[in-house]
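For reference, chains read A, B, C and D in written order, and residue numbers begin at 1 within each chain.
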Amino acid sequence: MDFPQFLQQLINGLSLGAIYALIAIGYTMVYGIIGMINFAHGEIYMIGAYIGLITITAIGTMFGCPAWLLIVSALAMAILVTCCYGWAVERFAYRPLRGSPRLVPLISAIGMSIFLQNYIAVLQTTRDLSVPELITGHLFSFTMDGFNVSMSNSRALILIVTIALMATVTIYIRSTRMGRACRACSQDIRMAGLLGIDVNKVISFTFIVGAFLAAVGGVLIGLSINKINPFIGFVAGIKAFTAAVIGGIGSIPGAMLGGALLGLIETFASAFLPTEYKDIVAFSLLILILLIRPSGLLGRPEVEKV
Amino acid sequence: MITADETILTSARENRPTMLSVHNLQMRFGGLSAVDGINFHVKEKEIFAIIGPNGAGKTTVFNCISGFYKPSKGEIVYGGNDIAGQPSHKLARKGIVRTFQNVRLFRNMTVVENLLVAQHAQLNTNLLSGLFNTSRYRVSEQAALSRATFWLNKVRLRDVANREAGNLSYGQQRRLEIARCMITHPKLLLLDEPAAGLNPQETVALDVLIRDLRETCGVTILLIEHDMRLVMEISDCILVMEYGQPIAEGTPEEVKNNPRVIQAYLGAADE
Amino acid sequence: MKAFIFKAAAFFCGLLATTMTFAQTTQTIKMAVPTALTGPVAQYGDMHRAGVRLAVEQVNEAGGILGKKIELVELDDACEPKQSPAVANKVVNDGIKFVLGHLCSGAFKPAAQIYNENDVLMVTSTATTDELSTYGYKLFFRTIGKDGQQGPAAGEYIVKKAKPKKLAIIHDKQTYGQGVATQVRKTVESLGMKPTIFEAINRGDTDYSAMITKMKQEGIDFVYYGGYHPELIVLLKQAKDLALNATWMGPEGAAVPDVKGESAEGLLVTLPPDFSKEPTNAKITEAFKAKNQDPSGAFMMTSYAAVQVLTDAIKGANSEDPFKVADYLHHNKFKTVLGEIEFTPQGDWSTARFDIFVWHKDATKTLAP
Amino acid sequence: MRGETGMHVVVKDAVIAALVTALLTIPLIGLRLNVESTGLVLRTEMFWPLTAILVVFFGRLILPFIRRPTLPVKIPTEKIIPKIAEYRKVWLGALLVFAVTLPFTPPGGSMLTGLTMAMIYMLLALGLNIVVGYAGLLDLGHAAFYAIGAYTYALLNQYYGLSFWQALPLAGIAAGFFGIVLGFPVLRLRGDYLAIVTLGFGEIVRLLLNNWDSLTGGPDGITNISKPTLFGWEITRRARGEGETLWQFLGVDFVNTYQLIALYFIGLLLVVVAVIVIDRLSKMPVGRAWEALREDEIACRSLGLSPTMIKLTAFSLGSMFAGFAGAFYAAYLGSVTPDSFAFIESAIILSIVVLGGMGSQRGVLLAALTLTLLPEFARDFAEYRMLIFGLVMVLMMIWRPQGLWPASRRRVELPTS
């Protein structure tokens, strides 16, 4: 495997990693703040994809408008509606369980994940729906000693948007008042409440930001892969969750690093080994990292006080 | 009420056999050394107290002795060999048992079950004999239950035997924790601020209980406590610590009048 | 001990007889249609049901068979091997003797064992995996070619007509996909061409760029994909994105209206001959069009033929006993929309053949040169 | 803000609530995508979204006037430990008789497949109850041991022709062994990290079964697995080997439901044995050690209990029962495929344990029965089945987090020494 192929696989790995990172940040923020694995987050990403497709189909049929307008309106609608769903899931499935033992919200999350999958399956049929190819063409496509290295526009868009969104969220968390409140809650949510931080608002905000990113992910990934069905959220969810854990659950840059790492490992695994083993490699890596460094690469190691 | 062997108590402290001796114990967390250069010996059937302001490193010493921390440097000699760094469940089986600053009971299990679990090491835990309820198994269970009843009577918790440990009052929980330690036939009992949060009558009852444990069960007691009246009254020897360093050691009388101790506790009069 | 068991068993049996009442004589002939009403390949289920429904409607209009109307019982196994045994048990419990299905090879295998053990006659018009006819089931029939026929047709076309420099064969690791891909590999290797890559992908995956780059690196210029259309659509799109200029070929599982757009242009597909173009079937093609169903769909005509064959056999054998009907099926020729059908002892359609078609971006197809 | 009772605040609240409901309902419920022959098409059905918006709007308007102040803090209720039900033995006997005669009653007969699956999920949940309920170790990969048990029997039956009863103990031991293999590396992990590793382990086992074609037959799995025998008689229509079928022995002509009834009884037998064994285990020192570990691992260490041994016994015994369930599932279905052991199975088993009440055998049995039979009742609107299943899980966690039938502590009569 000489350099051009390596370069191409690197691009493939990073663009796949961007997809995982975009969803992983939802897991990391929720776990960081209230220490809960939000199993339904994959479904929020799927709902984003469906809203995008519905908007495109609705506007597309009404009057032939240019592709970029379709994409922008799909993104806007998806963000608006998915954030509502993110808020609603937290408000109705998780808030009543705030004080209960750790396992109870987990089961509620698994239940919500199954509910949302079938909610969409019943309403929008379980069929595979094909998303129209709105983003076509290549960002760059050059041949280097006989091998064509290229990156499609849709993949490039995902990479750029992911980096941009990650940067904004990190800056927002680091510099704004709400960001400080989030960090306070992740250190000690009970004390944050005592000091006058409206904990419910912070938690809702976390879910809404997670939903915002998942919606963007849903629309862009839908446009890039052109196929959605009610169950894409589940597989992507587990992979994104793996990325969040590898990077160090609870740390936002960790989600980015974990996503990129998982994308690269899966890509090079299927480049060298037969493709069907790439998932086994991904999960084995997850277990290995957790055994050596449970808090992940960038996570804060939890000191166990006697 | 002193029934213990008379000679042990009154003979000079030096020639009594040592139960535990600590040689320049040091414990560092990253850059910070919580405990540095600690040396002391605890004699058999003695009540040895460690006192000092908050953050002096008392509980860290406890954690090193009971195997929860691996000391950075230094030796802990017990029963003839160095036990520094051995896991706490092995040390417990060798007879070193401890209570905790904030009571650690099995909250959702009943009081009796707490006492039965503590005897796990002595029980017949063979799976098959338990499954087929063999006579050997029934005998060992009955013995465990009668020992538990003995200790329930001793710490006056008999009437709440079937209540969940989490629903007991604070004083009751403290007594249950001590009973749970004693039921494992320890040689060395580490009490981490047993009187914390107790009202005066409960502290007096605790005083009587600790003396009774030493006399009747012949157990050596290592104590961390802030209640000076209890410490001065009950302990045979006291070690005073500040910022992880030892600043005084001796009988309650010597320690009470030691200027450095007074200064550490009451702060120097500002010249 | 034996005596006690005997008494206990007898008691249970008495209890059994009193509670289990069965209505033996029913005025209709029930036929089960286990197919995919839900799940990713539900589109094949639609074609399967459309063919069966039209045929049964026309038979019932013409007075049904043996004086009884045919009643269809449609069941959903979503093409999952996990669900099909439960569906098969339900069919057997309801006392249904004839089954038109199952749809997918993977789901059919466990169910076929249950049908065979409980004397239920099976006629599938969609499952093409060879294994089904290797178990020696006497009540198994097929009105569609099997991979053993589809594979060689594709293999010969690749070696003789397409003559690629470097060939890659990939499949979706499911019974159907892996089966047909292995058949193509056997044929191609027997004709002296060794595929450079023979690999599987995970069903439900969404990113194949790594594998496509590997193919580019090996200089692959022809790819045969064994599997259903959902994964193929994504593969074609990503192959175009990464500029892998290779012709693609797929089995009849890939020939679905959903496969369209730029990347689908020039896709080669093996399909049963397009019987909707046959002049004799004009009346039936019109009937499909009247229900705005596309008559040239992969399983429309084969499912129609399955009902034809079954109803003719029941009339011929003049009984509803599966063994008599099976015996009739084994020893007679049947005139159907697929032309004349004759069954091998294992229940395969002996003279089934597959043609090669070129798929276009508007989901139409023309016979390949 | 809520304190003000000015009408404009209430109206503002109602408008916002209505707006959110609109955003929630109109796009997904109002606009329906569907695939027609002409490709993707959008149908609109605005009835439900509009009613939802109106209900929420007027609901919020009148809400402040009828809402009674709720207690800000939930006061923990004192769990009084009931006396041992005197007639516990009688009660259990009645339950067993009911379970034995159920398949013969018309309603029971119609749900036989559901009842037998309920037996399998009971076995799985009883096993997981040891790991999650007693020892408090969150295991999200229990389906892996279910798969190992199933494939052990399938392979032994296919390659060596072992009968069900011969292979059953081996399946249990194999699953128990892998329980220890998983147990060792995760000793140090706690809570969520343990859950994630077990999830990863479950996925790896499923993927290995799916990709290891030579041994496990890959995605097709293994078919033609022989059914168990009941007291030495075959229960299928025709005896496979030279044995005699129970039905020939009874001189009864074969009806498929007889075979399902026989399978149900074998399942019932396994569940009864499992309940008795696990009940004994929980009363023994090892059972107390599990609960102590769940309550406070540090206190356990300080009393001389070695957490390693406790965790390994919990994992191995828990997975052993999952192995038995797997072997019976393989025998019942007659074929095994990797994708019937996906993560969703582990999630369902965990939900049964939590919904039933962690650490409570009777609760777990009840939850297994309800969760497996719930879809049977919802047979007519089949596609809503899983929708209701997910919703039930969420609502149950809100209204009864302690579970359907939580365990009550055992009362011990003290000897009057």
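Just so it is clear, contacts are C-beta pairs under 8 Å (C-beta built on N, C-alpha and C of every residue); 3 or more make two chains touch, one makes a residue touch a chain.
Because the structure is predicted, anything quoted here is derived from the model rather than measured.
Of the two chain pairs shown, B-D and C-D, the one joined by more C-beta contacts is B-D. Among the remaining chains, B is positioned farthest from chain D, on the basis of C-alpha centroids. Here D is the chain whose Cα centre lies closest to the centre of all protein Cα atoms. Averaged C-alpha coordinates give centres for chain B and chain D that are 44 Å from one another.
Look at where the CA atoms of chain A average out and do the same for chain C: the two points lie 38 Å apart. Centroid to centroid, with C-alpha atoms defining each point, chain A and chain B lie 51 Å apart. Residue numbers of chain A whose C-beta contacts span two or more other chains: 121, 125, 127, 130, 276, 279, 306.
Looking at chain C, one finds that residues 38, 43, 173, 200, 258 touch two or more other chains. With touch defined as above, residues shared between interfaces to two or more other chains in chain B number as follows: 68, 100. Note for the complex: chain B touches chain D at residues 66-68, 87-89, 92-93, 97-98, 100, 104-110, 112-113, 116-118, 120-121, 123-125, 127, 130-131, 133, 137, 142, 145-146, 148-150, 152, 158, 161-164, 167, 180-181, 184. Contact residues on chain D toward chain A in their complex (touch as defined above): 20, 23-24, 27-29, 31-35, 40-42, 74, 132, 138, 185-186, 188-193, 195-197, 199-201, 203-204, 207-208, 210-211, 298, 343-344, 347, 350-351, 354-355, 358, 383-384, 386-387, 389-394, 396-398, 401. Within the complex formed with chain D, the chain C residues making contact are 5, 9-10, 12-13, 15-16, 19-20, 22, 38, 43, 76, 80-82, 85-86, 89-90, 92-93, 106, 109-110, 113-114, 117-118, 131, 135, 173-175, 178, 200, 257-258, 260, 292-294.
Residue ranges on chain C touching chain A, taken from their complex, read 38-40, 42-43, 170, 173, 199-202, 204-211, 213-214, 216-217, 230, 233-234, 237, 241-243, 258, 261-262.
The touching residues of chain A, counted against chain D in their complex, run 31, 35, 37, 47, 50-51, 53-55, 57-58, 61, 77, 80-81, 84-85, 87-88, 92-93, 96-97, 99-108, 110-125, 127, 129-130, 238, 241-242, 245, 249, 276-277, 279-280, 283-284, 286-287, 290-291, 294, 304, 306.
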